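Chain nomenclature is as follows: A, B, C, D, E and F, assigned in order of appearance, with residue numbering initiated at 1 for each chain independently.
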Amino acid sequence: DAHEAEDSGKTWLPSLMTETPQEGFALAVTLSQKGVGTTQPDAEVRKEQRPEYAENPDSLIAASHVIATHFQTVAAANDYWRE
Amino acid sequence: DAHEAEDSGKTWLPSLMTETPQEGFALAVTLSQKGVGTTQPDAEVRKEQRPEYAENPDSLIAASHVIATHFQTVAAANDYWRE
Amino acid sequence: DAHEAEDSGKTWLPSLMTETPQEGFALAVTLSQKGVGTTQPDAEVRKEQRPEYAENPDSLIAASHVIATHFQTVAAANDYWRE
Amino acid sequence: DAHEAEDSGKTWLPSLMTETPQEGFALAVTLSQKGVGTTQPDAEVRKEQRPEYAENPDSLIAASHVIATHFQTVAAANDYWRE
Amino acid sequence: DAHEAEDSGKTWLPSLMTETPQEGFALAVTLSQKGVGTTQPDAEVRKEQRPEYAENPDSLIAASHVIATHFQTVAAANDYWRE
Amino acid sequence: DAHEAEDSGKTWLPSLMTETPQEGFALAVTLSQKGVGTTQPDAEVRKEQRPEYAENPDSLIAASHVIATHFQTVAAANDYWRE
């Protein structure tokens, strides 16, 4: 049921650590979407909005900016996956 | 009474420390909302605005960006919940 | 007189140190408002603008973003109020 | 086929390390584009949008901001290519 | 002559160090204005724009955000004026 | 020929190190412009856009924000030109 409340008790963010930078980027994407999902918890509404913003270049750039901000956090957490 | 002044003396931010990254994310959401509540202290007005921005993808992305900025702070405060 | 020049000699920012995270957040709000006041020093004009942006969710989110940016600075200055 | 799903298993981000600052900047550009590609995975749609945002100065400035945010991360990862 | 080229050789930024946080904030304001002046070097044009953005709350919030970003840099440079 | 491809092999960013904060600010401006040039490589188009955004205060503030973000990076790289 897409209308179910999100994250009610479920663990979705056990750690900021990832094996690789690429998994870290994927985590940054998840964090960005979670930020949207927190403000608009109705998955049905979010699904309806998708065509609107996915075809608006400015929305895509803004979404990419949020991902970039979270990637800073995840990359620092992982000490930039230095060896 | 939703019109009551906010935070008049009440402690709402005793610490930036959280047990888990997920609680840290929840704190980042609280800090973002507090930033809005400081500028528009009338909870009634904020409630009326909700349908407007919750159905506007660009507003949701902007709100997610604010959460991302606060999450940087909370994650750094918790040394990224490294073990 | 609201038209008086601001900060002409007055000390308004003696330190970034605060006792608690909550006072740090309040300082971040002050810094955000000061940034606006520097660009529009006429308090009368700022007062007239208030209804306009306080009822515009996107303006409130943008204001919350500025607070978040300053809170990063204040929190780092206070070493995140770690004990 | 431009409609193919992106990054399904492929490694596109093996490391944040680069030899030079200039390669680091190029990586920041790649990360920015990836953030857009994650939200709009259809390369055909992205191609159609290009004329729209590439001739809009505000979109270009916003895209440059995302690159700047990723460049912060890549530069820190490489310890600013100090010698 | 307001049309004169800016900064042609003149030193306007000898250091990021300031005595107090308040002077650091003033430096952040200067850096923000310099960023605008670099893109629009004609002081006459900038003066004409002033009424437009100084009465637009969203422009004021955006200007405050730039100041906040520079204040992060100046505050870090001064080790947050810790004693 | 303004339509020539940019940066094809040329070194434009040999280092983030600068002698002075002011040169660091100039480098931040260069990085901001490079971010725009990467997305719109046609110098002719960029030149045509200039009047449009140079007379739009909001575009100027946004451009100043990008410079501020890059200046954070350059300043950190130079350890804030501390002595």
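What we mean here is this: contacts are C-beta pairs under 8 Å (C-beta built on N, C-alpha and C of every residue); 3 or more make two chains touch, one makes a residue touch a chain.
Predicted, not measured: the structure shown is a model, and the values here were computed from it.
By the document's definition of touch, chain A and chain D have no common neighbour.
Annotation of chain B and chain C: not jointly contacted by any chain, touch as defined at the top. Steps from chain B to chain D, taking the shortest chain of touch contacts, total 2.
Look at the CA centroids: the one farthest from the centroid of chain A belongs to E. Averaged C-alpha coordinates put the centre of chain A at 29 Å from the centre of chain F. One finds 17 Å separating the Cα centroids of chain C and chain E. Once the centre of each chain is set as its mean CA position, chain A and chain E turn out to be 33 Å apart.
In chain D, the residues touching two or more other chains are 53, 58-59, 62-63, 65, 69, 72, 76.
Chain contacts in this assembly form a single closed ring in which each chain touches exactly two others. Around the ring, proceeding from chain C in the sense that reaches chain E first, the chains are ordered C, E, F, D, A, B.
In the complex of the two chains, the chain F residues touching chain D come out as 11-17, 31-36, 38-40, 45-46, 49, 52-53, 56, 58-59, 62-63, 65-66, 69-70, 72-73, 76-77. Listing the residues of chain A that touch chain D in their complex gives 20-22, 25, 29, 53-55, 57-58, 60-65, 67-69, 71-72, 75-76, 80-82.
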